[in-house]
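Can you keep this structure in mind? I'll have questions shortly.
Chain nomenclature is as follows: A, B, C and D, assigned in order of appearance, with residue numbering initiated at 1 for each chain independently.
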């Protein structure tokens, strides 16, 4: 009876254990390569990158090219025959739970693989140009590859443990990447902030995973969802809490209000990082998690969708307003990302699984494009601030053209990608009867169009306000933008209600069936309202920011202070008073009175713009910067303060320690005897 | 009548004892310049002690009990003895360069360290109160002395006295509790106590006895409010000694707690479960908060180790509210955590020893830019600190996962509350661990840093080996947790699982 | 109660307990270190008497030999070497003493209370049946042989370590010199 | 040789019948007459010694005095152990052996403690424990 030998045998036996179902084919069976290749590339870059001519960038791009091609093949196979494949290998047993590593190939994951592979490939290529001459390109490409690999690990996870590992890996890599230019202290602080905020949210994810796994007896997502669909086990009792806790995790990664604060700061990283992080990886993880676990939210934990819907709706409007007042072009896009994530999450909350994922899909293209465009502009003018740009239309024609395509797609102009996905979300709100949400969604669409128009006009029209001579970026950077611009145009055509709904079929190809709330055809009134809102937004932006350079400057003369009030406390307040409150009231409002007198119709459009901006200013300055940042900082401060106090317990006097020991022991006894 | 002794079962202990005596004798005859031989003999002796362990593990005889069941070699004892041997080996490796560099009494140093390791080995097999107590004393007493080994340093003196006084107080509490256990049950062996004490869980005297025993071992594992010695002693003691205290000595305390609570008081889990709940919650919260404000790296690690003790106690608390299966799992969870913690914390201390030599300071601020002139060391520091913070895929994450699993698996509201406390604390802990990594990698080299040749001097070979071995375990066990869980599963025998 | 006093063993107990209690109080209150140490001798001596009353002769004599014979001498040496103030010293205690007294009082409540609740008025019925020294010796070398061996290592470690720690360091040069002498 | 040997049986004071004792698992104990020496009188003395030791530990400034107080605490444990042993009188003599081990360990502790105190005294010319607070917070 040698227990050790027995245990070895048992362990070896169990490691073989795995499950497989669905028709995979060789490509699905070998899909683990998708995860392994980036990690191998990561190791290769760490050890050999420095010796290569491009400092390891070529390995990274090569790995991503592989991922892209493989994902494309999987995607095609999936569109043709609908693969559902899952394979798990046991790594260890912890208690009665198996810790497994595996991979899933189904509609949802192959859609994500494709998005990640495509975007990562294009953005990595772009980064080859963007990061040329950087202080530590090897480090950058290593962390970047790790980032993509972690995201693929997350997406390929057939169990919650692996999902958490990937999830944490993405968080760690983002910390490295955001703080990439760490010589500037603000950057490393921003990296830490992202790391912490995400970690806070991860508490929800980890505990939620356990809450769901314990009654089922398995961390495997398919087991949990089978139990949900089959209504078996004790899962019903914990479904709501599990779903709600998982959503807390999703809120962190997908930057939902009020955990969105890390995202604007995360713009401190190099622009390709922002592009990848906000288009295809990291922020989509939360939405992906909701999608992956959707069968849980569909019926059993339907009440948990209420907070999802509410948080998503709040996020979409608040972040949209925030984008209006940013001067930093990347921050506009950052808040825009938060806002669009709000749409996706709200769609999930409203029960529109496909719509949420569809927006994720289209958003990846146009937001990736916009970030690359912004990066191209920044690369050229060496400033993030739109007040240093202007008139770039002529020196940077490719950037301009693609950026406009991305803007129109994001604004939801027919027939670009964003139109279809946003319309589907709005239609879902209407279909479900969430009128208030629909109204907010439409206002959000207006705001989206407005801030994007503002960005385009401030950046590419008017006269150049910066230093030096702006120039078009090299081809290695513009080519990815052109490709993405094409996708931003056509990306939405895969799901046209009544015409071709391939996307719905793809993401619906998965092991568990569930009821989805979905409008089958165009909801024409909503289409009309949504389009009108978008057009009005653009028109308002045009009137406020296009007409001539003088007004453009006057109307945008206020500078929004940078986001780190802690570090520049005094400066921040002065700036806030002068530029944030005094100037806008003196200038634009006086003019506003003038306008209403001269052009009434014109004035109405302008009024909408001004109301938006005033509201945005309120939201930005009072709510976001003061309220939420203060609340979060308050938590941090009080923790720190508490730390200062607890420290004082350690007086250095050994007899006080002895007293604490004695009192501790005695009080324990008294407590247990009296209350136990 | 000769006592009935199974010499194979005792072989690891005998090997160590002989080694210790040889080291002591060797020290007498070696000239000053050749004292390093004592280190070689000590390292070899500890390595040899592993051989009988392996022989015992693969032998076909099952549990070996002797002397009326007061000394048992079962899978639990074997696994933990293995851990003590490996941890002792690593600490010896860490000590070599450190002890040579200053006026330390090398022979005596290694002798005392070996004595303490011997004590922990005996501890793992102890199944009665007397053997357990003596083993605990053999673990601690050499450490009281070694903490003051830097004789000329006032801090080291102070560390030694604080550790000693509080240690003796803890011993007194422990003994008082043990005397009552003996008086109430009339038994000294754990099996006898478990049988006799079955109906006594509610008696105030029994509660007092159990809680005093917990307090006594709570000192060894440095759980709040019995932790106060830890930061001061770690800071003042020679760093390898601090490493030993934070790993082997702490693990010994946990082993003692596991053995006593699970095998002597299985029916009183309603008493010790909640008590441990309180200690766990206090340890995690207080230590993590205090760690936020630390500027000295060793002190930071001291608070971190207190907090980690809190995490390790979490599964204990779960034992009170769970069934037999859950009991076994809680048990295995603690052992898993201890094993993983041992490697990551030893690694962190080894990195601190190497880093302190390069930067010439223990202040975290002085470590700025370490990653730029010692990238390998910086990377390994990141590995260990992130592992302590529980970032996947490093082993520390598995430890946290197992801990959460045990807590959540128990399912009671109290345990879920404790799991939430643990999760929040894991975030707080990340702040200070990540801060160290950030300082190492992202801060500029401070003006006070020593000159180039000190900074780029290579790390002593034995220390490098210690760091490398720990890092290998931390990384590999992260990917293949069964390397650890396999062993901790084997230890469930003690919990009857 | 009168029954209790009718028992002669209890009279002996009472006297010894009184001696122990008073000397213990003096140990912790005396302002003179030497007095404290001597009161500890008294307390331990009376404890040895108590052990004899409980017919635990071996333990009693071990206590006398080890403590009074060795440990206290060590203490007195310690007091002398550290030149602790041997005369009355009012600064011997911390002020205020109340928290310490409170902690000690709580400790007394807990420790005495557990005894009272657990054993009530149970009696030691076999006071005279001493455990023979032979049995103790046998047990020590049979069942408790491992702790017996281990405790020898505890003592050895304490001895070696204590000497190393307490002895005055010679300077390295001196050490070299002595070593050369030895080798020569 | 026991100090007091009383063999006069006083059966009426015996409060335990053998059944109850068996239930307590103390079958080795043969009731042969109570002597009205209570277990608790020893335990309370032990508690008193222990608490006085705690008081001294917390209140004394001189390290040697602190060590003396600790000896009181350990002695309290010995009183308990020996009293329990005569109360139980089971064949193993466990309590007395435990007490012998405690005495031995205490002796080792005194040696270590005095060595440390000596070391500190040599470096600071004071053995007051409350002056040792180089390390705190």
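Convention: a contact is a pair of C-beta atoms (placed from the backbone, for glycine too) under 8 Å apart; a residue touches a chain by one contact, two chains touch by 3 or more.
Everything numeric in this text was worked out from a predicted model, so none of it was measured.
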Pair of chains joined by the greatest number of C-beta pairs in contact: C-D
Chain whose averaged C-alpha position falls nearest the assembly-wide average: B
Whole-Å gap separating chain C and chain D, where each centre is the average of the chain's CA atoms: 9
Centre-to-centre distance between chain B and chain A (centres being mean Cα positions), rounded to whole Å: 41
Length of the line joining the C-alpha centres of chain A and chain D, rounded to whole Å: 66
Inter-chain centre distance, chain A versus chain C - centres from mean C-alpha coordinates, in Å: 68
Sites on chain B at which at least two other chains make contact: 130, 133-134, 137, 141, 145, 148, 151-152, 160-162, 165, 169, 176, 180, 183, 204, 207-208, 231-232, 293
Chain C, residues touching no fewer than two other chains: 94, 99-100, 103, 107, 110-111, 113-115, 119, 143-144, 147, 151, 154, 157-158, 161-162, 165
Per-residue multi-chain contacts in chain A, two or more chains: 647, 650, 652, 654-655, 658-659, 662-663, 669, 673
Contact graph of the chains (line, ring, star, complete, other): complete
Interfacial residue positions of chain B with respect to chain A in the complex: 57-60, 62, 75, 161-162, 165-166, 169-170, 173, 204, 207-208, 211-212, 214-215, 219, 225-226, 228-229, 231-232, 270-271, 274-275, 278, 286, 289-293, 325, 329, 332-333, 336, 386, 391-393, 397-398, 401-402, 404-406, 408-409, 411, 416, 419-420, 423-424, 426-428, 430-431, 434-435, 438, 441-442, 444, 479-482, 484-486, 489-490, 493
Residue numbers on chain A that touch chain C, as the complex places them: 655, 659, 662-663, 666-667, 669-670, 673
Chain D residues touching chain C - in the complex, by the definition given at the top: 1-7, 13-16, 29-56, 58-65, 67-69, 71-72, 75, 78-79, 82-83, 85-87, 89, 91-94, 96-97, 99-101, 103-112, 114-119, 121-122, 127, 130
Contact footprint of chain B on chain A as seen in their complex: 1-5, 7-8, 11, 15, 91-97, 99, 161, 164-165, 168-169, 172, 175, 179, 182-183, 188, 192, 195-196, 199-200, 202-203, 206-207, 210-211, 214, 639-640, 642-644, 646-647, 649-650, 652, 654, 656-658, 660-665, 668-669, 672-673, 676
Chain C residues within the chain B interface of the complex: 110-111, 113-115, 117-119, 141-147, 150-151, 153-154, 156-158, 160-162, 164-165, 169, 172, 175-176, 179, 183
